[in-house]
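Data first, discussion second: the structure below is written as structure tokens.
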Amino acid sequence: MHTTTIHAWMTTIAESVKDRRDYLTQLDAAIGDGDHGVNMDRGFDAVAKALAAQNGAVPPGKLLTLAGKTLVSTVGGASGPLWGTAFRRAGRSLGNAEEFDGRDLLAALRAALEGVVELGAAQPGDKTMVDALGPAIDALADSLDAGEPLERALAAASAAAEDGARATVPLQARKGRASYLGERSIGHQDPGATSAALVMAALQRAVEQES
Amino acid sequence: MHTTTIHAWMTTIAESVKDRRDYLTQLDAAIGDGDHGVNMDRGFDAVAKALAAQNGAVPPGKLLTLAGKTLVSTVGGASGPLWGTAFRRAGRSLGNAEEFDGRDLLAALRAALEGVVELGAAQPGDKTMVDALGPAIDALADSLDAGEPLERALAAASAAAEDGARATVPLQARKGRASYLGERSIGHQDPGATSAALVMAALQRAVEQES
Amino acid sequence: MATVATPMKKLLNDPAEVVKESLAGLAAAHGDLVRYDAEAQILVRAGAPAAKVGLVSGGGSGHEPMHGGFVGVGMLDAACPGEVFTSPVPEQMLAATNAVDAGKGVVHIVKNYTGDVMNFKLAAEDAEDEGIQVESVLIDDDVAVQDSLYTAGRRGVGATVLAEKIAGAAAERGDDLASVAGIARRVNERARSYGVALSSCIPPASGSPIFDLPDGEMEVGIGIHGEPGRERRPLGSAGEIAELMIEAVVSDLAPADGAAVLPFVNGMGGTPQLELYVLYGEIERRLRERGLRSERRLVGSYITSLEMAGASLTLLELDDELTALWDAPVHTPALRWGA
Amino acid sequence: MATVATPMKKLLNDPAEVVKESLAGLAAAHGDLVRYDAEAQILVRAGAPAAKVGLVSGGGSGHEPMHGGFVGVGMLDAACPGEVFTSPVPEQMLAATNAVDAGKGVVHIVKNYTGDVMNFKLAAEDAEDEGIQVESVLIDDDVAVQDSLYTAGRRGVGATVLAEKIAGAAAERGDDLASVAGIARRVNERARSYGVALSSCIPPASGSPIFDLPDGEMEVGIGIHGEPGRERRPLGSAGEIAELMIEAVVSDLAPADGAAVLPFVNGMGGTPQLELYVLYGEIERRLRERGLRSERRLVGSYITSLEMAGASLTLLELDDELTALWDAPVHTPALRWGA
């Protein structure tokens, strides 16, 4: 996979976040402050523009770092620093290589998750984006270990993220605004986990297009 | 008629204004500021209390004057000074007499209307209480001239006040708050004319009880 | 918790007591500035009546901080608040006039509403019977209402706040009765207002909105009693609303070219400051484009209709004396500078 | 008039521009106090940076007058406002820190929300990389949220206003970085808050209320982002709500017997002053009954959730130094005395 894969990934995220903007905002209105869709849309819109301004020569890792910086400087809220850190760490993990394979991608996603946990200190089950990213990464690892082709592995990862997001519904939030609601946060799907699933689905589609 | 007639009149007004309080307020909300029912209720409630505190010896005219002063000092708004002046003038017209007859009553009501017009400068058709009081007094005069008994004459006066109030619906207000609405005041019944009709109906019932 | 009669979105005890309790709370919070006479239901400037012309205003409640929030040094000496949206009674006005008279006479600032005018008239008569000189100043700055035989005349709105501040400064510096009244009248003559509502408001006594205003619509040419305005229109942008307000007041006021003005952008109670300053920006820019110099300004919710969403513009054409009096120190619960 | 995207009860142009336009309007109205840096989207105290410790705060917009209305003499040197209810980004905070640093270091007043904390953390790291000393003070005074492993910790609410005023006075008198930060932390340690909502609010971006609250119900234990509170209850009377608030803050703060306190009775934006002073009266009386002396107070809508109806109580246990710093002159768009 190359720079073009990252371009495709980011533009696909931007599109699907824009499509689901109001849905994400509604989820956040229920247990947060009703801005998550707007935040993600503003951020990935800026990312798409920033990447479009780059010439093809930029290596994949640097593009991810740029995406992360752009998110930090345009999103704000909790998701800005978290997603920003995630993509910066992923970019650092890919380094300056012109190409990357499934294993590189897995390592990058692991680095991203580590960054999110370092900054936000969320445990699995705290009802955050971590509850979608974690299972997705595990599924990706398992599939690759089982020798499945990358497309299949990413499909599994995307499905796991999707399931992980849905699995946040019965949880009581322990991090972020939703935690202020205590038990009232139970019964609602976490907006950040939901957009994390969108990010993984976009990755799958981006890679499919490539091949 | 005696002091007891005035007592009965005022307490009957107090009761019917309380019953119609919300209705009067709704009428005022449509073309005014939604306080007319509350204003009239507060005022005649105070009048009933003030009169109850008087011993029987007080002549009818003095009771009306007391009612007027009480209205001025408890109602506020436009209706306070207007109704207050009306009853003060009516009281002055009855003077210190122990008794009064239909003609005295007519004269008192005329004095009341004059007071209202002096203070408020409303013309017939301006969509005010004048549009109920005016016709009522004319009807009373006609019936008395026609030699009808007082009860019948007051029934006619009450009906005329009722009709006069209803006839304010198509009018455009030229006085009071409703005039600020210009043409938008058309199509609504004037709250003050409506309570004026209640006052006349109460008079009729009070006199009936007596006889 | 059933102490509230009609369930509603109101923070109060008994709706019938809300005005009295609020006045007591204001006096408790600002005892250094105002004293509450519960029996007369008036707010009086703390301390002995200053040896100066007294300044009294009053009207229905529900417009807070007007008038009670303007009692203090350099503004009102007393305020007589009526029930919500109901003019006070003459007894209150008389008590306030007596409380502040220092032998130099008392100015009544009266907003032009039938009820206010009649009640203040009766009070002024009583005061004069008691040998107190009273000058009544009628405020009627609302250009939404034509002054004609077919109306009760223009309503008194935003100019009231400006007249109370400026005449208050004149009284504080020692002007005599005629001068204080004259300055208040000058403010009224040089000021015009226009208001727009984006929602109605909820009088405590009824507990329900006076009118319904669907999303996407606005009432233009409103007063300050939660009443509908002259006309209902599709909701405009802040820029369009600014243009509407400015056109209405400037065309009527017809200020001199390049005149110094004071735009008073007032929130009706329920409009967030975030939005009010957007409107202010639109207004100041348009005034500049018309060659008017905004040398002073006031932005905030100072004359309100309970929680009504909306705003009004009052434009005052300044002159050097009015500007100096505006800048003079004022220390009241709601307006304070230079002190 | 279709410039407004979603029809709603809002006075604005483009919802996406409302924050920027409002900041520009505020600067236009108060150019003597604040300067708006549109590129960095920050408000900075007018004039050259004073040779003193800088005081910077910021957070999501929609809480006006906080923070922009508190920039000026004796309070904040700069404010970085984010989008409505969204923490600003590190670049804004860094720009503000650079703008106010006079070589004596800069204090960041940070409300305890995940987003605010993370973004200020990144900004502080960048500022230190640039050689600017930064002290971050975390405000977490909301007793509705227990500080436990199971939450993001207490929210920062009303104590923020008091900390900005008092620490601002400390910076103005020349205290060093550690002292200014220490005083801000002392305010936070000695203050507790509790809030109640009678309605939700309408973020401009969505154009509809965050939640529905039927008449006759209230949300207790709310924050300042239009979010639901800890619990929904039948609407209480002003007295019952006052009791609820006082019990919550006093039991947690446990002030000394007969302590001097500052009750800050704050409106959430849509509650009329008429009602707010009813609540103040109920609160001051109850504090007295508990032997607490309300030696200072603040009553008004200073930290809001747009047009939300409701109120919060912040109780600060004073000491002589905090009282003196509270009384020190302040001159900002929203808070002014002694100047």
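The chains carry the letters A, B, C and D, assigned in the order they are written, with residues numbered from 1 in each.
Heads up, the rule we're going with is that a contact is a pair of C-beta atoms (placed from the backbone, for glycine too) under 8 Å apart; a residue touches a chain by one contact, two chains touch by 3 or more.
What you are looking at is a predicted structure, and each value in this text was computed from that prediction instead of being measured.
Taking the definition of touch as given, a chain qualifies here only if it contacts chain C and chain D alike; none does.
Under the contact definition, chain A and chain C share the contacting chains D. With respect to chain D, maximal separation of chain centres occurs for B (centres as means of Cα atoms). Measuring from the averaged C-alpha position of chain B to that of chain C gives a distance of 32 Å. Chain A and chain B have CA centres that are 74 Å apart.
Averaged Cα coordinates give chain B a centre that lies 54 Å from the centre of chain D.
Shown for chain D are the residues that touch two or more other chains, namely 84. Residue positions of chain A with contacts to 2 or more other chains are absent. In terms of which chains touch, the assembly is arranged as an unbranched chain of neighbours. The full set of touching chain pairs reads A-D, B-C, C-D. Contact residues of chain C toward chain D in the complex are 1-4, 7-13, 18-19, 21-26, 28-29, 61-62, 64-65, 69, 84, 198-199, 204, 207, 213, 215-217, 233-241, 269-282, 284-285, 297, 299, 304, 306-307, 309-311, 336-339. Chain B makes touch with chain C in their complex at residues 22, 25, 29, 31-35, 38-39, 42, 72-82, 119-120, 172, 174-177, 179-182, 184.
Those residues of chain D that touch chain A in the complex are listed here as 60, 82-91, 113-115, 118-119, 121-122, 144-145, 149-152, 155, 203, 205-206, 210-211, 223, 225-228, 230-231.
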